[in-house]
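A short worksheet on the structure shown next.
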Amino acid sequence: MKKELLKILREKKPLVHHITNIVTVNDCANITLAIGALPVMAHALEEVEEMVSAADALVLNIGTLTNEQVEAMIKAGKAANRLKVPVILDPVGAGATKLRTQSSKKILEEVKISVIKGNSAEISILAGKGGKIRGVESQSGADDISEAAKDLANAYNVVVAVSGVTDIITDGKRIAYVKNGHPMMGTVTGTGCMLTSVVASFCGVCEDYFAATVEAFVAFGIAGERAAQSSNVKGPGSFKVTFFDEIYNLTPEIIEKDKKVEYE
Amino acid sequence: MKKELLKILREKKPLVHHITNIVTVNDCANITLAIGALPVMAHALEEVEEMVSAADALVLNIGTLTNEQVEAMIKAGKAANRLKVPVILDPVGAGATKLRTQSSKKILEEVKISVIKGNSAEISILAGKGGKIRGVESQSGADDISEAAKDLANAYNVVVAVSGVTDIITDGKRIAYVKNGHPMMGTVTGTGCMLTSVVASFCGVCEDYFAATVEAFVAFGIAGERAAQSSNVKGPGSFKVTFFDEIYNLTPEIIEKDKKVEYE
Amino acid sequence: MKKELLKILREKKPLVHHITNIVTVNDCANITLAIGALPVMAHALEEVEEMVSAADALVLNIGTLTNEQVEAMIKAGKAANRLKVPVILDPVGAGATKLRTQSSKKILEEVKISVIKGNSAEISILAGKGGKIRGVESQSGADDISEAAKDLANAYNVVVAVSGVTDIITDGKRIAYVKNGHPMMGTVTGTGCMLTSVVASFCGVCEDYFAATVEAFVAFGIAGERAAQSSNVKGPGSFKVTFFDEIYNLTPEIIEKDKKVEYE
């Protein structure tokens, strides 16, 4: 079944409601469309509950948070919880400022999150294991990042996904290591945010959020590899363009053939 | 004269003031430049009246509205009315939430709009004929969408433009059907918003807003067709890049040759 | 030493904190990455002081300002001053509205700015020499723009950089004329903002802000020239993509070979 998750996604075209940052919001909308889902961006306190009621997944991305936006996130998140809509949290820059760390924790306390997706530093910091972040870029995480991810997963009963050279996805019991991806992805701003949108798109059609998240990371990484190999790519500008094309052109067969996942 | 509208636009370089959403604001600025006009984005309550006083057209796009932004839209719109600057309304997601439906209606009541541009569901809902929208994507509109568009046009004495496989533009009396365009345009977020910016650019140089809107839809659709035919296009990433190039490279001759318009 | 500034930048990877506009924020992040620095965008009043304390440079860009955002800029700017972090001001649209002119002046009064980067009209207006701006595009500046720039530089003890066909950079004593660049850069929105981000990136690794600014303008202009010459470029869409690639692929050798600077 998992093999065909992308096919299901493209048939069902899940609606992914985003409350996200001003930096990468356009990229998030486009990647959601490219993978086969339907994006909608809405953050006004007056409409988030109503918008999420039509959605199949909700993304909360704190990349350029304000207190008012966090309030809207919590309101939308609680509505999503009532409606059994999965909520994906991207705690961008947690650890860089108190506002980001505390807002991430507040959201985790008040909303039942389905998946937390962050880099090594963000996840380590939220797991209480230290970590160092510079702006929104991870400098270092916990010594044993897999263990930190598992702890966080168990603490909040949530899937935790850590992006990195090897990605780590865990629900506290199962753990998957994804080795797809390419360094060029780090030359473009917002690939992390876009990955979160793709995770949400898969979670919108698969209640096993662990499996959905693994599939999203694999698909995303493979598209990155394929884009990087394209003869048209001369730098981050052309890489980004080609990456969108490759996400759009992914098939279940390509994913099956190129996936590099190990389970523990 | 209509044949040369693009030429006039590029000579006069109308200034198009946008109060618009955070998702596609960059694309709207770039498409406005590419067609030959000059964009400016300004939404602070303290400056919108002053900014619109220098403008040749005003875009009000509610894609990520807040109550405060709607207030700025109405303030700018009223100033535009006093100065005879055309106001183009894009009621993104009207029908998806009460905030969007009511804000669209409020703007229509308080500001004299020149052109409303929406998809089938948005226009049907504003015409009071029902319609179904998912996020910001039209699922279905009125049974007779031409009739609904005409009704709305007559109710507010406005040009109504409905984007779709066949676009419909009406001033309540005249009606035009535009068959230019390509399905790839739906794979990129914000083509609807960009079209609104192009409509505003043409309205900034032509007081016959019906004719200006038809010309904008034709030009936009032709650029989409030409981009889709390019051998460089492998998916939505490269399509979008090529689409900007094609808008920039349009000529009155290309428009005349490729236009597919029928009048009723 | 100046010859190797790009090399130093790429080794040190300065963190550039932006408080900037919603139109070009994504482009600013990507250009900062492409030149070799690290962008972070954060504007909440509650976190700007903390974020800037980790930064090597601060960009204040008023492209879509609000009063609240200006407050955050001043708070961040004052913190930057205490920490000796250079502050780069881009007074986008100064002269177009009172809000923009007054906010630019307020920032200049309350924060010790290191570099002001604007077009001819913006700089002339801030220098008190008149100037005409349409939206955010310069129509005309002071008769003697070099003199106006020098006056402004001396009034605030700041480096002033004026973008144009020939760019002018002055610290009030020294003056440099940069002739690199290409008209295609004007077909893409946000090249001005992106240049400001690149100036900040260089200032983040070089305390001689005059030299850093000259180097940034030269590098930026050369990348524009190289992109414009690429056979892949068919219009502003492909130009923009190629421009990011060229910024990324710049080397100290290319800069040394192609630079066109004259000092007075």
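The first chain written gets the first letter, and so on, giving A, B and C; residue counts start at 1 in each chain.
The working rule: contacts are C-beta pairs under 8 Å (C-beta built on N, C-alpha and C of every residue); 3 or more make two chains touch, one makes a residue touch a chain.
Which chain is which protein? Per UniProt: A, B, C = Hydroxyethylthiazole kinase.
This structure is a prediction, so every number in the text was calculated from the model and none was measured.
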Turn needed to bring chain B onto chain C - CA fit, degrees, nearest 5: 120
Interface numbering overlap (same over half, different under half) for chain A and chain C: different
Chain centre separation (chain A, chain C; CA means) in Å: 32
Shared interface positions of chain B, touching two or more other chains: 22, 26, 240-241
Complex contacts: residues of chain B adjacent to chain C: 15, 17, 22, 25-26, 29-30, 33-34, 38-44, 46-47, 50-51, 54-55, 240-249
Complex contact set, residues of chain C against chain B: 21-24, 26-27, 63-67, 93, 96-100, 134-137, 187-190, 234-238, 240-241
